[in-house]
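In order of appearance the chains are A, B, C, D, E and F, and numbering begins at 1 in each one.
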Amino acid sequence: MRPSGRQTNEMRPIQIETGVTRHAEGSCLIKCGDTHVLCTASIDERVPPFLKNSGLGWVTAEYGMLPRATHSRMNREAKRGQSGRTQEIQRLIGRALRAGVDRVALGERQIVVDCDVIQADGGTRCASITGGWVALRLAVNKLMKAGDVLSDPITDHVAAVSCGIYAGQPVVDLDYPEDSEAGTDANFVMTGRGRMIEVQASAEGATFGRDELTTLIDLAEGGVAELVAAQKAALEG
Amino acid sequence: MRPSGRQTNEMRPIQIETGVTRHAEGSCLIKCGDTHVLCTASIDERVPPFLKNSGLGWVTAEYGMLPRATHSRMNREAKRGQSGRTQEIQRLIGRALRAGVDRVALGERQIVVDCDVIQADGGTRCASITGGWVALRLAVNKLMKAGDVLSDPITDHVAAVSCGIYAGQPVVDLDYPEDSEAGTDANFVMTGRGRMIEVQASAEGATFGRDELTTLIDLAEGGVAELVAAQKAALEG
Amino acid sequence: MRPSGRQTNEMRPIQIETGVTRHAEGSCLIKCGDTHVLCTASIDERVPPFLKNSGLGWVTAEYGMLPRATHSRMNREAKRGQSGRTQEIQRLIGRALRAGVDRVALGERQIVVDCDVIQADGGTRCASITGGWVALRLAVNKLMKAGDVLSDPITDHVAAVSCGIYAGQPVVDLDYPEDSEAGTDANFVMTGRGRMIEVQASAEGATFGRDELTTLIDLAEGGVAELVAAQKAALEG
Amino acid sequence: MRPSGRQTNEMRPIQIETGVTRHAEGSCLIKCGDTHVLCTASIDERVPPFLKNSGLGWVTAEYGMLPRATHSRMNREAKRGQSGRTQEIQRLIGRALRAGVDRVALGERQIVVDCDVIQADGGTRCASITGGWVALRLAVNKLMKAGDVLSDPITDHVAAVSCGIYAGQPVVDLDYPEDSEAGTDANFVMTGRGRMIEVQASAEGATFGRDELTTLIDLAEGGVAELVAAQKAALEG
Amino acid sequence: MRPSGRQTNEMRPIQIETGVTRHAEGSCLIKCGDTHVLCTASIDERVPPFLKNSGLGWVTAEYGMLPRATHSRMNREAKRGQSGRTQEIQRLIGRALRAGVDRVALGERQIVVDCDVIQADGGTRCASITGGWVALRLAVNKLMKAGDVLSDPITDHVAAVSCGIYAGQPVVDLDYPEDSEAGTDANFVMTGRGRMIEVQASAEGATFGRDELTTLIDLAEGGVAELVAAQKAALEG
Amino acid sequence: MRPSGRQTNEMRPIQIETGVTRHAEGSCLIKCGDTHVLCTASIDERVPPFLKNSGLGWVTAEYGMLPRATHSRMNREAKRGQSGRTQEIQRLIGRALRAGVDRVALGERQIVVDCDVIQADGGTRCASITGGWVALRLAVNKLMKAGDVLSDPITDHVAAVSCGIYAGQPVVDLDYPEDSEAGTDANFVMTGRGRMIEVQASAEGATFGRDELTTLIDLAEGGVAELVAAQKAALEG
C-alpha cells in the first residue's frame, strides 16, 4: 500500500556515520533511506550580541540543500537568498536542539549546527534534527574532553520523525512519494525519554480529527525510539 | 494567577468590526484584547504562474506589524526585509485559510489576505487567521453576489487560538506577559466543525508530555468555538 | 466643478484622534476626508552615530502604506524594498518636523515618527506631516512631564497641505480623483505662524506661471491655518 | 560676502561641451564652475512595460556620482545600492525633462538620460538637468535627421538653477561652501520661455517668508535665462 | 621540504567516484587529497534567453562551499550572498568546461554543473573543473544513449591543476598549507591533448620571471596528464 | 589585417593626463585609443578591520563603467548591484597594484583607487591598472611630501596590456572589434623591470599551445615597456 512496500509503522533504514569531515568539531552523515544529510557542529567562542556577558551559551542551526539534491534542479539559495521555507526549517532545528541543552552548563559560547542535504527523499528537516544532535553531541564531547565544559550540558537525546496520513492511513517516516500526496503532514521532535519538544501537524488537503492526531503521535513515539537507538549505536560504534 | 486575572480557559474579549476600509473587497478590524489586526482581502483575477490554466483558485496571505505595534519600536521590515518569523507566520495564515476553501469552486482567481498588526499583545498570528477568514468570507460574498462565483467555495469557518503552559498551568489565549514567560507555546487552527487544520506546539523551556498536549487541545477547542461564534456575529451584525 | 463638489478653497473634513495606540509615547489617527494615517512617535534615547556626543537631538520619520490602502492592491514594501517615492516622502516628513524643533532643547535623544497610511485618497504625505506633528507634540509633552526635557523644544506647529491646478483652476487639498488629473501638483509645509518650511510645486502636464504659483500659495495659507486649528483642538480635547 | 566673491545674482562660469563620448546618441560635459557632469542620452526603441502599445514615448533619467567626485570619498553606490537622495534626484531630472517633451511626437520609444557627476561643488542636480537637456536635444536631433521622428518633440528648453539664503542674503547658483551653510535651499526648473516646471524650496535651518520666496524666484529667472543662452550657444557652436 | 613530504612534481592521491547521487544526470565525488568536491551535472532543456532559437547549447557552472568545509566556519553564502571570489571561480569553471564542448553538437539545451566543496584543503577550483568534467561527460553520455544527441559534443577531456612557488621552489598541486604561503599561485586548465584553455598566474608576494612561469607550465602538464588518466579510469571503472 | 590597420605589435596611442579632478589626492585620465578611464586615488587613514593595529597599509581598487561607456547602454550597477565580472576586475586591479607596494613602508593607512570607465573600446581593465598606478603614485607622492610616509612604499611601476589571438595571429593591445572576435584573450600585468605580476590567458574559442603563449608574452613585454614609458612621461610632464 505504501509505495515503498513498508508497513505503516516501519521506518526507512537509518545509517549514521560519524566523523565524516576533517575540520568540524562534530560531524555525521545521516541517511534515512534515500535522504542524506551532512551535519557539522562548529564551536564558536563568541556568542550572539544579545547574550554577551550573560553567561549563557547558544545553539543555532542553518539548513541548506545542494541544488541537485532534488529530483529536478532547484536554484541555488546563495544566488537568490534563503527562502521562507529554509528559514522556517532552520529555526525549527535550532529550537529543537536547544531544548536538549542546558545553556548554563554550556557556558558563554555558541555551537552552530549546519545541516546540508546532499540527497533528498522526504523528511529532510527530521533527518537534520536527528543527525544534527549527533554532531552537537560530538562537539560537546570535545569541549568536555578539553576541560572547557565541566558538567555535561546535553540533557537528553533529541530526534525527529515525520508522520502523515497517506491514502487515508496514518504512516510513519514519509518518503517523497508519500509526502507529496499526504493529506496531513506532521513532524514530531521528541527527547530520548519520550517528552515532546515540538509537534507540527498540518492539513494539506483534508482536515484531521483528534483520533487521527492520537494515532500519529503513537507512530511518532515508535519512530523516535528507533532513531534514538541509532544515535546511540553511532556514538558507541 | 494569570497576570490578567483570567481563568485558565477564559478568552480575552473579542471584537470584530467589518467593512473598515473603503477599497478592499473584504475587511475587518479584529481585537483580541489589546491585540488589534487589520485584515483585508483583495481579489486578483490573475493567479500565480504555477496555477495558470489550471482552473484552480488560490488564497494567500501576507503579514506585517507596524513598527510601533510593540512595546519598544521594531525596525520597519520595508527597510530591512521580511524576517524569517514574518515569513513563517504568513505561510501559516495562507495554509490555514486555504484549508477552508474549495479551490475548484473559487475558480481561477486569487484572493490575497493582508493582516497588519496595529497593536500587539500576544497571539497576533491567531488573530490574523481568525480575522483574515472574516475578510476572506466578505470578499467571497462579493464574488457570489456579482455572479462571478456560483457555488460557495468556503467550506467552513477557520479560526485559531494560542494555548500554552504558563507557570505550570495550561491556559488559553495567551497575552504578551504570558507568552513571553510560557514554558510551552502552542497554536491551534481549527474549522467551525472542530476539525484540525494545524497544530503547532513548541517547548520553549521545559518539554511537555502527552497529557499536557491533551489539555491544551481541550482548551483550544473551547477557544475556537468562541472565536467562530464571534465571526458569525460579526458577519450577521 | 470639483469631483467632490467642494469650493476651490474648501478643505476636506479633518479629524485627529489622539492616543490611539497603547505603546507609543505619542500617537494619533488623522483623517483628511478618506485619507487616514496612523502616526506614532517613539522616543529613543540613542541618537544616530553622526550625532553621538553632540548634545543635539534628532527627529526622523518613516512612511508606509498598507498594501490595500489604495484602490487596487500594491505590493508590500517589506517584500520588494522601499520605493524611491517612499524614501522621498519620508525624507520630506523628517525635514518638515525637524524645522519645528529646537534640537538643543530636545537634548541628545531621537524621536522616530512613523506614518502608516491605513486608507489613501490623495494627500497622504501632507496628512502624515500634520498628524506626525501631533504625535511628536504628545511624545515631547511626555518627556517634559517626566522632567527629561526642561524647556519646550517644539518651536511652532508644523502642518502641510497639497494644492494643485485641476481643470485649469487652482484648488486646495486635492483628493485622489483630482490629484490624478491635476496639471500642477504642489505641497506646502508651513508653521503655525505662516512661515514656509517647504514648497514643492511640480508641473505634471502643463507648466505653470508665477501668477498661478501665487494663487496656490494663497490657498495653502488658508488650508494650513485650518489644519493648525485642528491640531490645537485635538490636543486640547 | 559670498565665499567666491560673486554678486548675489552672479552665476558661476558655464561651459557646455557637446559630443564628448563616442557611443551615446547625444552627450555633453557641462561645467558650472567646479561642478562637472557628464550627460549622455541613449535611445532605446523599447518603452517601459506600462507604455507598450500606447503610442507614447518616454524620457527617463539616472543620476550617479563618481566616488571621489566629492571632497572626501563616498562609498560606491554599485556596492551599497542607490541612496534615497540619488533616487529623489533622478526622479526630479526625469520629470523635468519630460515636461519639455511632446510624448506623442516622440513616438513609442524611450530616451534614457544618464547624468554622472565627475566633480562636485554644489548644484549637481541643476547642472544635470541643464546638461541632460542638451544631450536629449542632440539625441532627438539624430532621430529627426534619420527620419525616425517627423515633428520635433522638444517643446522648449529646460534648465535649472539653485538659489538659497546664504548669510541672510538670497543668492543664485550656490557652490558647495554656500550650499552647506544656506538657511534655505531652493531649486527651480524652468522652460526657455520662463514657465515653471518645478519649484522646490526647503528651510534647512530658519523658515522663510513669502517675500524671500519672491526674491529667490527673481534670482532664478535671471539664472535660467543665462543657462538657456549657454545651451543655445553650445548647440550652435 | 613540502609540508606533506611530497616531491615538487608529486600530485596528491586522486579518487573519482561516479554516480554518487540519485537524481543528477551525471555526478561524481572527486577527492584530491583532503579536498573533496561533489559535482553534479543537470540537463535543462531550456537555454538562457540569449541563446533562444540559436540552435546552440550552453554549459554553465555554479560553485559553493559548505560552511564548515574549511578550517574555521565561514558564513553561509545563502545568507550573505555570493562573494566576488565565488563568482570568479564559477565563471572560470563554466568557461573551462565550455572550451571542451561543441555547442552545435550539444543542441539547444543547457547543462548546469554544480560543484559543492564538502571539504577544502587547497585547489578547490581545480578539483571542481576536473570533477565537473566527469559529471558533464556522464550527463552527455545519457543524452547520447537516449538518442537526444547524435554526435558526441565533448571534444576532449578538460582538467585543471594548481601550481605555485612555495618556499622559492615551483611545486604542483598545492594543498592549503602551501597555498596560504605560496609566493606565486597559478591555475592551469588544459585539455586531454595538452592544449591550454586557461592560464592564471598571480604573484601573491614576490613577482615572478619568465623562467619560473616555464617551470610552472612543465609541472602543470605533468599534473594534468595524471588527472586525465584518473578521469578515464573513473569512467571505465 | 587588424581592423584598425595596426601592426601585430603596435599599441594604440597612449595619453595620460594627471591632476584631472580637484578633490582626489592622485588622479589621471588615461586614454588607450578610444578606451578612456578616469582613475583617482583616495587616502584613508583607516585600514580595513583585518589590518587594525598590524602596522601594514592596504591598497584596494574599485572599478565601474558609466552606463553609456559602451556601444549600447548597459544597466547601471548602482541599480542592479555589481556583476561578477566587475568584482573580478576590481579584485585584479587591487592585487596588481598591491604587488608594487611595500605595505610596511606605506604604514597603517589605506589607498582606494577608483577606476571609472568613461568610454570603452576594449582593454578597460588593463588601462585601469596602468592609469590606477599613476594615481596611486601621485597620492603617495603627496604623503611623502607631507612627511606622512618617510621611505617610498612604491617598489616599481605596474602596468598591464591585453594580448590575444585574432584571426589566427597573436596581436597586442586589442580594441573592442578584435576583443570580441579573439580566439584567445590574455592580460599581462608586469612591473617596470619586466617581472610578472599576473598572467591570465583564456581560450574563448580555440585552445592555444605553449608556442602561442610564448608569442603573447613577447608581445606583452613590448607593450608594457611602452606603457611604463608613458607613465614616466606623464609624471614628469
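By definition in this document, a residue touches a chain if its C-beta (ideal position, glycine included) is under 8 Å from a C-beta of that chain, and two chains touch if they have at least 3 such contacts.
Heads up on the chains, UniProt names are A, B, C, D, E, F = Ribonuclease PH.
Keep in mind it's a predicted model, so treat the numbers as computed, not measured.
Considering the contact criterion stated above, the chains in touch with subunit A and with subunit C alike are B.
Residue contact pairs shared with E-F exceed half only for one pair among C-D, B-C or A-E, and that pair is C-D. In this structure subunit A contacts its sequence twin subunit B using mostly the same residue numbers, the overlap exceeding half. For the copy pair subunit B and subunit D, the superposing rotation over Cα atoms measures out at 120 degrees to the nearest 5. Look at where the CA atoms of subunit D average out and do the same for subunit F: the two points lie 33 Å apart. Look at where the CA atoms of subunit D average out and do the same for subunit E: the two points lie 51 Å apart.
Within subunit C, not a single residue touches two or more of the remaining chains. Round the ring, from subunit C by way of subunit D, the chains line up as C, D, F, E, A, B.
Subunit E contributes residues 82, 84-85, 87-88, 90-91, 95, 99, 186, 191, 195-203, 207-210, 213, 217 to its touches with subunit F in the complex. The residues of subunit C lying in touch with subunit B in their complex are 21-24, 27, 34, 38, 40, 42, 44, 62, 64, 66-73, 76-79, 81-82, 86, 112, 114, 116, 118-119, 121.
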